[in-house]
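Each of the next two complexes has chain A plus one more chain, namely chain B in the first and chain C in the second.
Here is the complex of A and B:
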């Protein structure tokens, strides 16, 4: 289903949605782009993508799982509920929406994780086509179409008069049933609004099939990984900013008379991540860097037939020592 | 807007929340190793819980954390569960402080199990070292409780010293069983030690177990396993005749937290039990 909406009406629509859901839109906080509760502000034109991926709204950096207390002196363990309440996020990018699907495959498999899955199902994902190619990104090489996506409930394309909207789910269809705000549109009109993001490359950086094969082939090549990881300082920012990184730790917080267990982000970049009583299989830095790249481009593909990277470029743009994943992939594919 | 909601009812289970278990008995195996006998607090779980030899569980000391250990008792003896813990880190120290009547958390069972159907009719050679006897013990009891399904049973068990031998009560019972060939060895004996002295792989070659119709199942410290595999090779055991259970840093036990992978395999889900044939085909040496 295709619809169009004027800019002012979009704001009105989002404002009205606030009576039924928490509505988040792009906003700057402390100088950095993020998603914040919608307060009637204009939808920003210069928003490319959020500094932190939206994964934290689904896989929280810290999530309380259950608690224990001692009512009447005896231990009692009580589950903590998954988050409730509808949410609408507007302005999400195709790369980050794909990442949420990738995370879903992990958190739904074998032992469904109610916390992640509920966050996903209670959120309406409203995407927006990119106007500018992000710095450091290689999304198109990773098979992400910055102008179209089926990973949303509704996908929007900006046009001079406002936005074209394409509903992709039943929930999306239902949301577009505001005839007072949305006008009819068509596939033809939708196709005409297709644009090319500013700064996008004419030629792809690499061929994904060759990268996949190359990373697999490079796994035993110790020198390859040592060479690239030499300048890594194990800060973990690449995993923190990555929309698909999901490694976590389980920790206890004990307070007088009560406590809770929480799940918090962890990182394969940290040396103690795999430290055991007498042995650490990934004590050396090159092994940890190899694990990160191989997991995303090789092991994950073997297990899920998908690559756990969407080419958003956050790890490239924000690495403090300029360790450029694209160079590693290019070299592996050589 | 309620129609916009998705039905989540099938996914409501909190996979991280453990069941409460009461410690009913604590046995000091050695100076730093204890065995805990535990039972579900919830009576219905005592009836419905089931597991297979080789599987593990996550055990919680609330406020200190959670750690994975194999279930060292056998499913053929379902009265209670047992697990054994060497005092090494934070959770194991906390466990060692506990007494009968104390409550712990239990999630499981997780992982795969020993391939019982592939062991039936075979001569079984168990090779254990130190606390590594714990997972084998579950299988040994399982096999002894269905003794007629199997051929000869040989148990070779070693520890650093007589004081480091775990499960002495089992060793005695097995030693008295005419249908079990039991060999105990220590690296270094003492004045009272009358048994064998020698490293497990060396004693293994001495007893010269035959690979014909046999399967070897081993668990112990990494160094012992490494040389035991070499000795088994000398004795002409093929990789598909050798099984072991691997230890990796596991945290969630659910294949999600990202620690225990060896290449694409997750020890918590695809293991912990592997044949040597599988191990030789691992794409990674990181274990």
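Here is the complex of A and C:
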């Protein structure tokens, strides 16, 4: 279903939605783009993507799982509930929405993770086509179309008069039923609004099939990984800013007579990530860097038939030493 | 960077490799994203082809001396040389193992500051170039000019040590502060009442992800095992809560007091934009005022926190 809406009406629509749901839109806080409660102001035009991926709204950096007490000497364990309440996030980018689907494949398999899945099911995902190719990104190479996506409930395209909207789910259809705000549109109009993001490449950087094969083949090549990882400083930026990285740690907070278990983000770049009582299989940083790349482009594909990278470019743009994943992939595919 | 300097540098380093004087050279390579350069760890003559000198060379290469042992050559800016002095003084590296090449630094560009001055997003900046006393910036296809003081990192403006304090060779060029006489803007926060300071830092540290980029990029943070990673007992929880983040940052601040040379790398790399230099600058000022100590400028003055004096004014230490 296709609709269109004027800019002012979009603001009214989002404002009205606040009576039923928490509405998050792109906003700047402390100098960084993020998603914040919609305050009725204009939707920003120069927003490219959030510094931290929206995964943190689904797989929180810190999540209390259960708590315990010792009333009268016997142990009492109480599970803590997952978050409730409807949410709407407007202005999500196609790369980040794909990442949420990739994470769903992990958190829904074998042991359904109630926290992630509930966050996903309680959220309406409203996407927006990109106007600019982000610095360091390689989304199209990863099979992401920055101008169209089916990973949302509704996908929006900006046009001079406002926005075109395409509903992709029943929930999305229902939201567009505000006939006082949305006008009819059509597939033709939608297709005409197709544009090319500024700064996008004419030729793809690499062929994904070759990258996949190349990363798998490079696994035993110690020198390959040593060469690329030499300048890595073992910080967690690439993993924490990654929309698909999902490794976590479990930590107990023990207080007198009670305690709580938390799940918090962890990073395979840290030297103690795999440290065990007598052995650390990834003591050296080249092993850790190899793991990060191989997990995304090889092991994850073997397990889930998807690549755990959407080419958003956050790790490329924000690496303190400019260790560029694209160069590693290019070299592996050679 | 003029070709002449690049030629000179390659000449020096090639000779060092030839003579077997070094087995690694730390320099800069071409960055793959706007306004960034990448550290280059050259292992031989061949790797020198990737050597690249340009306007952006913020990374403090002395960082890698904790990993790369033995005979190493490296490029240092004036400010980086202070880290080197500190590391030598701390016994982390030996002067005789190093071959230090001084780089004339015209001041490092701070893209965030440029964007702020022009009222645009950093992402919208297309090009920043130097033209005499000005910076020329292209934003969304338009050319704008800015005075240097609004484009360079604050620490660079009236750089106190534009010429490296220790070196074996100096590349040709001018070793002067980019904006001589520029007075640093006083940190408003220092004069605020404690509850306001607390609220400010609570807001900052609430965002910290504990990615440890600030610690890992810091040349002064060379402990092989950091206290935050100790888990028997666990002094600091790995949970990125505001309280534990406070502990981590203040602990680190105290640990590098006297060795932090205000190189600014921690703040430059922080993905959450936490203004860590406010803390470092305060510590630097206090050390200067209370102990008359400036980090990384001499090889012989003892570290203030590792000195005992009979005439110390504080009772608890006597």
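List of remarks:
Throughout what follows, the second predicted complex is superposed on the first by the 332 of 334 C-alpha atoms of A that agree within 3 Å, B and C clash if a C-alpha of one lies under 4 Å from a C-alpha of the other, contacts with A are read in each partner's own complex, and residues count from 1 in each chain.
As a working rule, a contact is a pair of C-beta atoms (placed from the backbone, for glycine too) under 8 Å apart; a residue touches a chain by one contact, two chains touch by 3 or more.
None of the values given here were measured: they were computed from a predicted structure.
In the three-chain model built by superposing on chain A, chain B fits alongside chain C with no clash.
In the superposed model, A:110 makes contact with chain B only, not with chain C.
By the document's definition of touching, both partners, chain B and chain C, reach A:249. By the document's definition of touching, of the two partners only chain B reaches A:281; chain C does not. When both complexes are overlaid on chain A, the residue A:51 reaches chain C alone and has no touch with chain B. Within the superposed three-chain model, A:31 lies in touch with chain C and out of touch with chain B [touch as defined at top]. In the superposition on chain A, A:312 makes contact with neither chain B nor chain C.
Using CA centres, the angle subtended at chain A by chain B and chain C is 90 degrees, rounded to a multiple of 10.
Comparing chain B with chain C, more residues of chain A are touched by B.
Closest approach of chain B to chain C, taken over C-alpha atoms in the A-based superposition, is 6 Å. Note: residues 249, 251, 266 of chain A belong to the chain B contact set and to the chain C contact set alike, using the contact criterion stated above.
Per the touch definition, chain A reaches chain C in the complex via residues 30-32, 46, 48, 51-52, 61-62, 132, 134-136, 230-231, 233-237, 239-241, 249, 251, 253, 262, 264-267, 270-272, 316-318, 320-324, 326-327.
Residues of chain C that touch chain A in their complex: 31-34, 36-41, 59, 63-64, 112, 120-121, 123-124, 203-204, 207, 209-213, 216-217, 229, 237-241, 265, 268-269, 271-273. The touching residues of chain B, counted against chain A in their complex, run 1, 3-6, 8, 10-18, 20, 60, 62-66, 86, 88-89, 103, 105, 221-222, 247-249, 251-252, 254-264, 269, 283-284, 286-287.
Taken in their complex, chain A has these residues touching chain B: 20-21, 65-66, 68, 75, 77, 79-80, 86, 106-107, 109-114, 117-118, 121-122, 124, 171, 174-175, 219, 246-252, 254, 259, 261, 263, 266, 268, 273-279, 281-282, 287, 291, 294-295, 298-300, 302-303.
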